[in-house]
Amino acid sequence: NSRYILRAAAPDAIGILADVAGYIARAGLNVIESQDFGDSDTARFFIWVEFESPDGFDRATFEAGFNALAEKRSMTWSLRRKADRPRALIMVSKGDHCLNDLLYRHRRGQLGAEITAIVSNHEDGRWLAERHELPFHYVPVTRDTKLEAEDRLRQLIRETQSDFVVLARYMQVLSDGLCRELEGRCINIHHSFLPSFKGAKPYHQAHKRGVKLIGASAHYVTADLDEGPIIAQDVSPVDHRLTPQRMAEIGRDIEARVLSRAVTAHAEGRVFLNGIRTVVFE
Amino acid sequence: NSRYILRAAAPDAIGILADVAGYIARAGLNVIESQDFGDSDTARFFIWVEFESPDGFDRATFEAGFNALAEKRSMTWSLRRKADRPRALIMVSKGDHCLNDLLYRHRRGQLGAEITAIVSNHEDGRWLAERHELPFHYVPVTRDTKLEAEDRLRQLIRETQSDFVVLARYMQVLSDGLCRELEGRCINIHHSFLPSFKGAKPYHQAHKRGVKLIGASAHYVTADLDEGPIIAQDVSPVDHRLTPQRMAEIGRDIEARVLSRAVTAHAEGRVFLNGIRTVVFE
Amino acid sequence: NSRYILRAAAPDAIGILADVAGYIARAGLNVIESQDFGDSDTARFFIWVEFESPDGFDRATFEAGFNALAEKRSMTWSLRRKADRPRALIMVSKGDHCLNDLLYRHRRGQLGAEITAIVSNHEDGRWLAERHELPFHYVPVTRDTKLEAEDRLRQLIRETQSDFVVLARYMQVLSDGLCRELEGRCINIHHSFLPSFKGAKPYHQAHKRGVKLIGASAHYVTADLDEGPIIAQDVSPVDHRLTPQRMAEIGRDIEARVLSRAVTAHAEGRVFLNGIRTVVFE
Amino acid sequence: NSRYILRAAAPDAIGILADVAGYIARAGLNVIESQDFGDSDTARFFIWVEFESPDGFDRATFEAGFNALAEKRSMTWSLRRKADRPRALIMVSKGDHCLNDLLYRHRRGQLGAEITAIVSNHEDGRWLAERHELPFHYVPVTRDTKLEAEDRLRQLIRETQSDFVVLARYMQVLSDGLCRELEGRCINIHHSFLPSFKGAKPYHQAHKRGVKLIGASAHYVTADLDEGPIIAQDVSPVDHRLTPQRMAEIGRDIEARVLSRAVTAHAEGRVFLNGIRTVVFE
């Protein structure tokens, strides 16, 4: 309970790392892991620190002092106890391979996030949700009820106090407005190695093109479909013998592990938006 | 010297494998490795066999008999002594990482092909060619001399009796006519994980898009640029710290190993064209 | 329901492939996938064929004829309908990551095997078993009751008509007698890249040695601990920052996917014992 | 020419990172990349910084000040201009696949090290050395002349002012004395995934054991054969069809890329000894 995660981003400049590290040291805090990166392209500096506080650590004082530093450096930052895991609302349609993997890691305490609820436009996910004793909300979507359904989603995010949303093979496209509202806190899994095979049926596309590797990409959702900042990707080799169906089976394993990896990285505060790219301190 | 490679393709039908295997068995030949595949999509059957012949193997008689079988089955086929390696003409521009890898494997006798000559629109490759005691031909290309240069290339292919052409980072686009002439016997390396990042400067495109893996693709050249049947692909993980230049460095290693793998597979007769895809019996 | 899997092994000799392929072709069967391999080392030949039977396929006649061929060739063989999945009994101790993965694939119909029961020397697995509506048997083991417990296991294998046993992180060493009884039909997952780090606490061993990759191995159980024929292996990169605990977490993912892969390959009849090695037609 | 690499190691304690970062910031230096790690196991802290100096950077003053800091923190450290590459002496026996890869990267300026000479107990390497216009020294070794040969090696290291030695498939075991002299500055490539298959003929051992992945390990040489701290490892999948010879061919590619990676990491100062393990800031 004495572990904290500090993350900060700022315009790059000489001495930022020294400022942050110095502040932490003067507070008598013991750094467990620290990672930083200055991007010469975007002229942004990013830092992620996990530290351990001694007895009698005064968080309010620490924060007040850091605020002064942050102002000087035009830094955006946040601090949280490691144990206070961010709250995630999971959305899913019929395919539950990603959901299964998220729930398994959640049960073991390894996901990094607290799952608040499972929301679906189908009833299929209820089975898994109940087995894991998690709230399940059926929110059907038709062309006519899409905006209504999104309002219900907004309400659920509020009610469950969810910090971010995970689209774990949720097959409805979110409206531009909702995409903007959830910027940087909505993670999707796309079942191809983006930017290859955007759009529908990527395994059929991959089979038709005869690629020798298939993949999956976890990315932040933006209004621009399949163009959001990529958090994690992985691939597996395939060959001529595989049908699109067999490819999709192999692909489901890749999707599950890539999405879980992205969710954990995000939940631990290790992902920073850096223009249309990400910085991931894994 | 008693090892042979037989390859055949035909419309798929019951009993083809039995026909081929039976013919080889009746000839008293010892199969070292055999691979086959029937594609239900394209309704094509492919078979690749390496066998060892006993003393007094009569190749002419074997071929005559197989011709009859091939006619019955509408089969296209070829037979060659394993030791009679196909002859490859290598084309390169300035970047010599693929060339270096091909020449190294060639020197060790592991490439599967006999390199006949190195052709380049720059003088840079001469250094390596001379060190390996291989003919080097400088064939400069300008917008006005492109067709002339291609005629010179045709002449070199003929004179060197080359069976196929390897574009080992050759940065000129071949004319549609030449692409068609060389169909199925001209291999290119593209420095991205196709179909991502077609066209120029793929590492810059990859860096800009913030992908977490970069790759390379070896494919047969077609008139449709970067759309030819893929033979081999591979990737390596990258992260936010890498500049486009560092990505390109890592990419060069991927390119070299992917191209060499494709060249060896082609040279050993293990690659079949199957519509816009390939069958690769590795 | 008209799909069959035929597997056979025999002393290698000219014409075996032709004999088998010819027999299948004369029976008018349509080959979906066929793989074979002759090992010059052990002088053994292995073949695996999936075929589709036409209406009115007479299995008894097919088997009688194949028996004659098998006798001539000293072949051991088996035939089964693809839909008649082998029955697997799963054993587990406390760590349920492999169990979770097996149950998930089982539920989706992708495991290739029918799970008959879950047996454990701890009560922890009951939670998952019940959620998947599968029988759970608690069979505690102490030094004094080990043989008794193994008798109970034998009885459970019989009663559930299980074809093979999966040790999905079962932490008790089976007696030599039981190992011999289950030869070739008991699969274990070892949490290291064998033959590295045999024995206990392999992740601690790996951390101490400072390896840069950790792995897992699925193998058939033999009386010789951690020395059985290997079916599948995989690895993931690690670095200096990982504690043994974090390594174990990463390792659990590798273990789960390696064991599931081995179980599916075995269940589909794709694995052959070949001395102290295996042939795996994936 | 204004880029520098600073590396330091010290007993771990609160504020070290702040001290170092603060010192660099106060000197007005622009950090390009910085990595650090505190090992709670060994209670050691490691830091690696690449920085850019402004015009008029006074190295002597910087070093004097850093010395004071280092004394306070019991730090061992070093500073060098990035352009002043460490000098490497390469030793090789007959197999030249690693040598070829090192020379290729050296020629392109990507190795990170300056190759001073190639030393071999066979004449085979002379061909490559000459083509790259590098000094070649033939130092034959017999049981009786081993110590003499090592004296000649010591002399060559001195004369060429080499900073470290690379055993690029050098098949002679160094004496305990020489191992100790070269501690932390002699890198060997072992052709297995250590600690599997120590000793001779690892590919034959791997084939016999039937592993499904083969690998290679680059490590610092110690008197304890094949037990030195590991710098880099990699693997490739293999299957039942591969003979030990084919495995060795595949293995040579792994060896070459693993050794080059380790040499570059060492040359760039990114590798720290940490007991019997290493910290590698890649």
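For the reader, a short list of remarks on this structure follows.
Per-chain numbering from 1; labels A, B, C and D assigned in written order.
Definition applied: a contact is a pair of C-beta atoms (placed from the backbone, for glycine too) under 8 Å apart; a residue touches a chain by one contact, two chains touch by 3 or more.
Since this is a predicted model, take the numbers as computed values, not measurements.
Comparing the CA-atom centres of all chains against that of subunit D, the greatest distance is found for C. Both subunit C and subunit D derive from one sequence, and where they touch, over half of the residue numbers involved are common to the two copies. One finds 37 Å separating the Cα centroids of subunit A and subunit D. The geometric centre of subunit A is 41 Å away from that of subunit B, both derived from CA atoms.
For subunit C, residues touching at least two other chains, in rising order: 241. Contacts between chains leave no pair untouched here, as each chain touches all the others.
On the side of subunit A, the complex with subunit D involves touching residues 14-15, 17-19, 21-22, 24-26, 28-32, 34, 36, 38.
The touching residues of subunit A, when paired with subunit C in their complex, are 33, 97, 100, 104, 108, 110, 131, 241, 249, 253, 257. Of all residues in subunit B, only 37, 39-41, 193-197, 208-213, 215, 229-235, 239-241, 243, 274, 276-280, 282 touch subunit A in the complex they form.
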